[in-house]
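Chain lettering (A, B, C, D, E and F) follows the sequence in which the chains are written, and residue indices restart at 1 in each chain.
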Amino acid sequence: MAHPQKPVLLTGASGNLGRVLAQGLAAQGWTLRLTDIAPFPDPLPPRARFVQADLNDGVALLRQAEGCGAILHFGGISVEQPFETVLGPNLRGLYHVYEAARREGARVLFASSNHAIGFHERPDASGPQGNAPKLDVDCALRPDGYYGLSKAYGELMGRTYWDKHGVENVNCRIGSCFPKPVNARMLSTWLSFGDLIRLATAAVLAPRSGHCVIWACSDNPASFWGKDHRDRIGWQPQDSAEAYRAEVGHIVSGDPVEERYQGGGYASIGYSRSAPSPRDAFALD
Amino acid sequence: MAHPQKPVLLTGASGNLGRVLAQGLAAQGWTLRLTDIAPFPDPLPPRARFVQADLNDGVALLRQAEGCGAILHFGGISVEQPFETVLGPNLRGLYHVYEAARREGARVLFASSNHAIGFHERPDASGPQGNAPKLDVDCALRPDGYYGLSKAYGELMGRTYWDKHGVENVNCRIGSCFPKPVNARMLSTWLSFGDLIRLATAAVLAPRSGHCVIWACSDNPASFWGKDHRDRIGWQPQDSAEAYRAEVGHIVSGDPVEERYQGGGYASIGYSRSAPSPRDAFALD
Amino acid sequence: MAHPQKPVLLTGASGNLGRVLAQGLAAQGWTLRLTDIAPFPDPLPPRARFVQADLNDGVALLRQAEGCGAILHFGGISVEQPFETVLGPNLRGLYHVYEAARREGARVLFASSNHAIGFHERPDASGPQGNAPKLDVDCALRPDGYYGLSKAYGELMGRTYWDKHGVENVNCRIGSCFPKPVNARMLSTWLSFGDLIRLATAAVLAPRSGHCVIWACSDNPASFWGKDHRDRIGWQPQDSAEAYRAEVGHIVSGDPVEERYQGGGYASIGYSRSAPSPRDAFALD
Amino acid sequence: MAHPQKPVLLTGASGNLGRVLAQGLAAQGWTLRLTDIAPFPDPLPPRARFVQADLNDGVALLRQAEGCGAILHFGGISVEQPFETVLGPNLRGLYHVYEAARREGARVLFASSNHAIGFHERPDASGPQGNAPKLDVDCALRPDGYYGLSKAYGELMGRTYWDKHGVENVNCRIGSCFPKPVNARMLSTWLSFGDLIRLATAAVLAPRSGHCVIWACSDNPASFWGKDHRDRIGWQPQDSAEAYRAEVGHIVSGDPVEERYQGGGYASIGYSRSAPSPRDAFALD
Amino acid sequence: MAHPQKPVLLTGASGNLGRVLAQGLAAQGWTLRLTDIAPFPDPLPPRARFVQADLNDGVALLRQAEGCGAILHFGGISVEQPFETVLGPNLRGLYHVYEAARREGARVLFASSNHAIGFHERPDASGPQGNAPKLDVDCALRPDGYYGLSKAYGELMGRTYWDKHGVENVNCRIGSCFPKPVNARMLSTWLSFGDLIRLATAAVLAPRSGHCVIWACSDNPASFWGKDHRDRIGWQPQDSAEAYRAEVGHIVSGDPVEERYQGGGYASIGYSRSAPSPRDAFALD
Amino acid sequence: MAHPQKPVLLTGASGNLGRVLAQGLAAQGWTLRLTDIAPFPDPLPPRARFVQADLNDGVALLRQAEGCGAILHFGGISVEQPFETVLGPNLRGLYHVYEAARREGARVLFASSNHAIGFHERPDASGPQGNAPKLDVDCALRPDGYYGLSKAYGELMGRTYWDKHGVENVNCRIGSCFPKPVNARMLSTWLSFGDLIRLATAAVLAPRSGHCVIWACSDNPASFWGKDHRDRIGWQPQDSAEAYRAEVGHIVSGDPVEERYQGGGYASIGYSRSAPSPRDAFALD
């Protein structure tokens, strides 16, 4: 099985997705360097090394990245939290990851999120015709909270490091990565663990990526999302949420804000508008 | 002369642009609340109050904003600096400003910058024809460094607060605001002090602004920039850099990166690519 | 059952008293906003919302308080600890609570403590006659340690916010709030959970409170304490520690400092005087 | 001239009052240890040593206090400032000073302030008769802001260290210590430099002080203040502000809050009540 | 059984060696003051007191040391960790321990480590003859990482406090203190729990120690180490690792760096030389 | 004139010695990267770049070092200060410098100090014969305070990085580097600016240095110091303090501690022994 010539650094290795990736990529023969602020809860995979460290400690992160050809950045706060909680691990942490990548000439796979664009309306919520176009990745960033803002910031930092330093980066706007869908929204947004592993594999092994953005969901017919840069890395999802429609298709929140926006429940946390912001809020005449 | 019904908070009041605005807006009869981490160096204008405070102290900032109808956010680091220097005043500071605005139902005028999009090429650098189209404000964000990233982050935070809380914000991508142009690039980017004061005035007094973005340069024929949302607030610049062409039109840096990109010298700080990133780096097929 | 028109914010919700209040007040139909630095360990009561946050994060606390009509401040360090441990959650935390209350026009119920006056002698320890007068709430503050100092500071901050901003605050000097008394001292100081819930209810529902101070113990015949402002809020304790005399009346520490002063064991932590400070230490001639 | 057997530590030595004391006490033959966060701006007095250090650095402060018999604590923020600015130097700083005093068996002279009781009304503002009684030091603490709260906290910490550890402390509620009065209020509150030096001298040389509180103003007929513990240390002011009545007696602010309360302008900073808090706010029935 | 006249402070009391010492020394009748950042996991020994505190809090540590005649400093990070993790507890913590000792006139037993000299080669690795001389304690310090650097720093701080203030300190370069040896290297480096307790006992009870350094391993024939200052305190180890040779003598790592240097596995963490540094790296001609 | 192939990073560039080096080395045609926490006060030399940054910001320092072949580390606190003041710039700063050097394969010239060994007695103070041997660089480290400890720590860190990573480092124990000697001690310890520049030049240009230590004083007949590793880099001082004997030879402090020890006045700061520590404090039997 093809594997990278250099070790791959995985941040957030002790988190849910980190553990899936650590196991899945090691099983493909990859040499991994794992790091997290929490201890690694599983047996260490073959060829892997784990260093416990805080993403706020940049000099330590740079050292862990030495010799690596890619950084899979899954570390940091992964849910909506107060700004001050998000600041250190996510904003400062991104800077440390990108400095590490620049130093190593490494490519970054950034675990971005649909919450970076969570205030776009869902296609089926956009008008009477129920047939609104899907969203392409070159849409405007519309973060749905402090977490989403940190993800949008990460995409922009990736762009700056590409423009200024030629650091390649693959920004994966992850939908909902769980063992299986648990509500109707995930029929659109679900990313299977298998598709996640294949996405990480493609992002690392692709000969060239430049700065690109990918909708990280499985091959779901009900997906909100359209064009992206997946051809750059040659990724195609193989699973589909549709098989779970009977099981979860009726599970909706009843919250009109949550159901209107792509970010779902994150959009409604603290929502205080009397009416949704107009679709043309950013349009030019 | 028309003036706002409520006081207006001005951050960064002790800086160069802050002092220009404090004097210019007070002269129009406005009631100002001034704040800065440094003492205010001028005689306090009539109806103004000054509180010395750090943008990192959010509870203090929220208190200063009480009763204000608008916040002119000119505080924070205003040049390219190491990330850690920018983090507190600019990223955390923005959060404090937007929380203040949300609490007060106040509008924000954010002193954004051309450096939020500084890695777009200049029109005259884009191809053999020398006739490239000007850049519209709905272009992709392409920050040219840590300072530019903080400005892009501020624009996105403005968008989130508009989408989620209905906080209006006018994001002014300031070109080069100096007494007069001092080099050829400023023939494109110069913003006169008079146009700055008129811009702040329009941004505060406009009946509605929503979330909008404006190219903050004077009426320069050589401007890099095209469409924006200035009609929303009814601003038109009245000065022009062109009168200074003979004086400064020959002053160029000789640095090819600086001359290629809109961000000028900021784009070249630490630049380490062997070749510019392709124009189509973000294009979809 | 009467309940407040606006939601009520409860800090320290995950602590022992916080959990009692969350359950007890929700059972009366109240709408609660709960917060704590630790996760809430119980099932979330009806109409309640929980946000995990640090009392050091003032902007987050102000946001949690939005729309609330009262703040029950039970958060922070609740036992004697080194000064540096107490500083952030208790002193800075109080400032954040009072700024929140001022912004909202909310009333504060502050969980003060007998340790704010713990160096007053117990009535039965004051002289040969064993018949010393009980202590009224307008006695001098005599904190018995860093924890007690933080409680006295909180009472004074309440006074300042009342004098300067009209923020009402009910300072409850809690004795010993446990399921039942466990030693002889608690025959004087015990506050039953039922009386605690009734006290919080009265403090929130009273039409006016101003700045007032209340001895928060049950209707114990052996109480150390006399007059207070309970009439302002119409609270009367209904339980009594006396029923436990046979069970615990013989349980004393044998430490003469602990038994002499109202603060009990807290007074003796680190005590280093050769003789008690004279009763007239603060008397004027 | 009598002088202490041990060296005396003076914090805040580089401030206005610190410089007056350093010069005045050294001229009496005292051995001084001076410290401040800012360099000492004057020639070092004979027998004096200066160490530049932050009051936040407790271990350094404890070391400076070694061998000293008294600490004159004039350091920290000395005007109304945002809470966060006051926290470190004033609250944490007090803890460091008292730990130093406990370790050394040293007496503390604490530069408290009238702002610890600034929300008491001025005698001439209290009623139609213009003849209200003067305020005694055993009045309730009524701080007029964050600065005043830090001073009240310091008095309480002094009380705790006296009760628990036998640390003597003289709390001087300084009125207005300037070369001469500059407005009508200072006819009541002025403390001359000479009386300041004599007060510090008496406080250090008195055989016993216990915990006591003193109104630190000169012998002003118009003083707001009555009984205190000055007999404990044998201090009598010798100067009077009355001589300046013709010069400054007409200088009033015109601000009704400032003129009503003893704290003057500090009481009116941020004042937001619609009516003053009732005189009986703390009275028991 | 002889025991010290004053209490003995033990830092790191909740760690593995701390727990062994707490139990062993209390069993000898000693009065102990225990402290750790983590709760003490065992029943509190007789005559012992435990205070939970951070080694970064110097004022708290100084207070815990009051009245103590000796400090056994076993606190801080005890394995190789990133520099930033080591900095506070180990470097700052040492300063707090030595200031405490200076104030109390107490002797320090510092749990130094073989990692302070870990880059000396093992005797059997030094040359063809396999008969290299053992290492004496006056050898050059050659730390094998950030942990080892903190231990070397502690030894030097001990020397400075001895030279400048007469603070006595016994620096025990602990080899491997475990219930029993678990690999071949520990046949050289093992320190039995019994020898540890006897070492601490001797270090505290010795009439004079000055500044001295001791190889803290049991009476192992295969020890790497030669002369030290054990005669100063009259300690002789009584156990030996040799009995475990059959059991563990074949357990080697196979890592040539680990097997070459005295520091073992610590020396190989992050090792990146192409060839070992020459033996004469510090020699003078 | 020979100059390095790669740029040279100079920390502490805005300090006294930094300015001398910046000017002197630039005059030799070197390409310099300058950094300091304070602005550079002089005109920027040719081929030099200046970045203002804090030594606590490691990621920024690593970036400044990119591409450099040597780091002249003159930054940090340069006089005796409280420990907490020294900690960040000196201890953490050293770590950042060495990580930078390791990453770049750069050699470090560390501005160590005689205060790392300041508690060795001066030759002429050591005994009746007045003819004590000079001190060689392989003597034991005997720091004379917190500043000296930070310098000793830096030498040890250099040793670890050499042993573990092959980072070369030249540790220059600077005596007294001033325009000319100003007291009798400097007849022994003076280093002329010219010799400093030649030393830095030799340290950078030498083909190999390994880890070495050099007495950085001019060719003073009265020097305290003997053998060192100067041959490794081929440096010979050319100036001598002796010419100033008539001018300053009579200027002594009169302080017996200061005159006894090589560290001079630093040794006497806070000195509290009743008698000097014995010469044989570290000797083995």
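Operating definition for what follows: contacts are C-beta pairs under 8 Å (C-beta built on N, C-alpha and C of every residue); 3 or more make two chains touch, one makes a residue touch a chain.
A quick note: this is a predicted structure, and the numbers were derived from the prediction, not measured.
> Determine the set of chains touching chain A that also touch chain F.
Both chain A and chain F are touched by B, E, going by the contact rule given at the top.
> Looking at CA centres, what chain is most distant from chain F?
C
> Hey, how far is the Cα centre of chain D from the one of chain E, in Å?
About 49 Å separates the centre of chain D from that of chain E.
> When the centre of a chain is set as the mean of its C-alpha atoms, what distance in Å lies between chain B and chain E?
58
> Where in chain A do residues touch two or more of the other chains?
In chain A, residues 59, 63, 83-84, 95, 270 touch at least two other chains, as defined above.
> Examine which chains touch each other and state the graph shape they make (line, ring, star, complete, other).
Shape of the chain contacts: other, as it matches none of the listed patterns.
> Each pair of chains that touch: what are they?
Touch list across chains, by label: A-B, A-C, A-E, A-F, B-C, B-D, B-F, C-D, C-E, D-E, D-F, E-F.
> How about chain F: which of its residues touch chain D in the complex?
Going through chain F, the ones touching chain D are 82-85, 270.
> Considering the complex alone, what residue numbers of chain F touch chain B?
51, 53-54, 57, 59-60, 63
> Under the touch definition given earlier, write down the residues of chain A that touch chain F in their complex.
58-59, 62-63, 66, 95-96, 99, 103
> Which of the residues in chain E end up touching chain F in this complex?
Contact set of chain E toward chain F: 83-84, 87, 91-92, 95, 102, 119, 136-138, 140-146, 148-149, 152-153, 156-157, 159-160, 162-166, 210-213, 227-229, 231, 267, 270-274, 276-278, 281-285.
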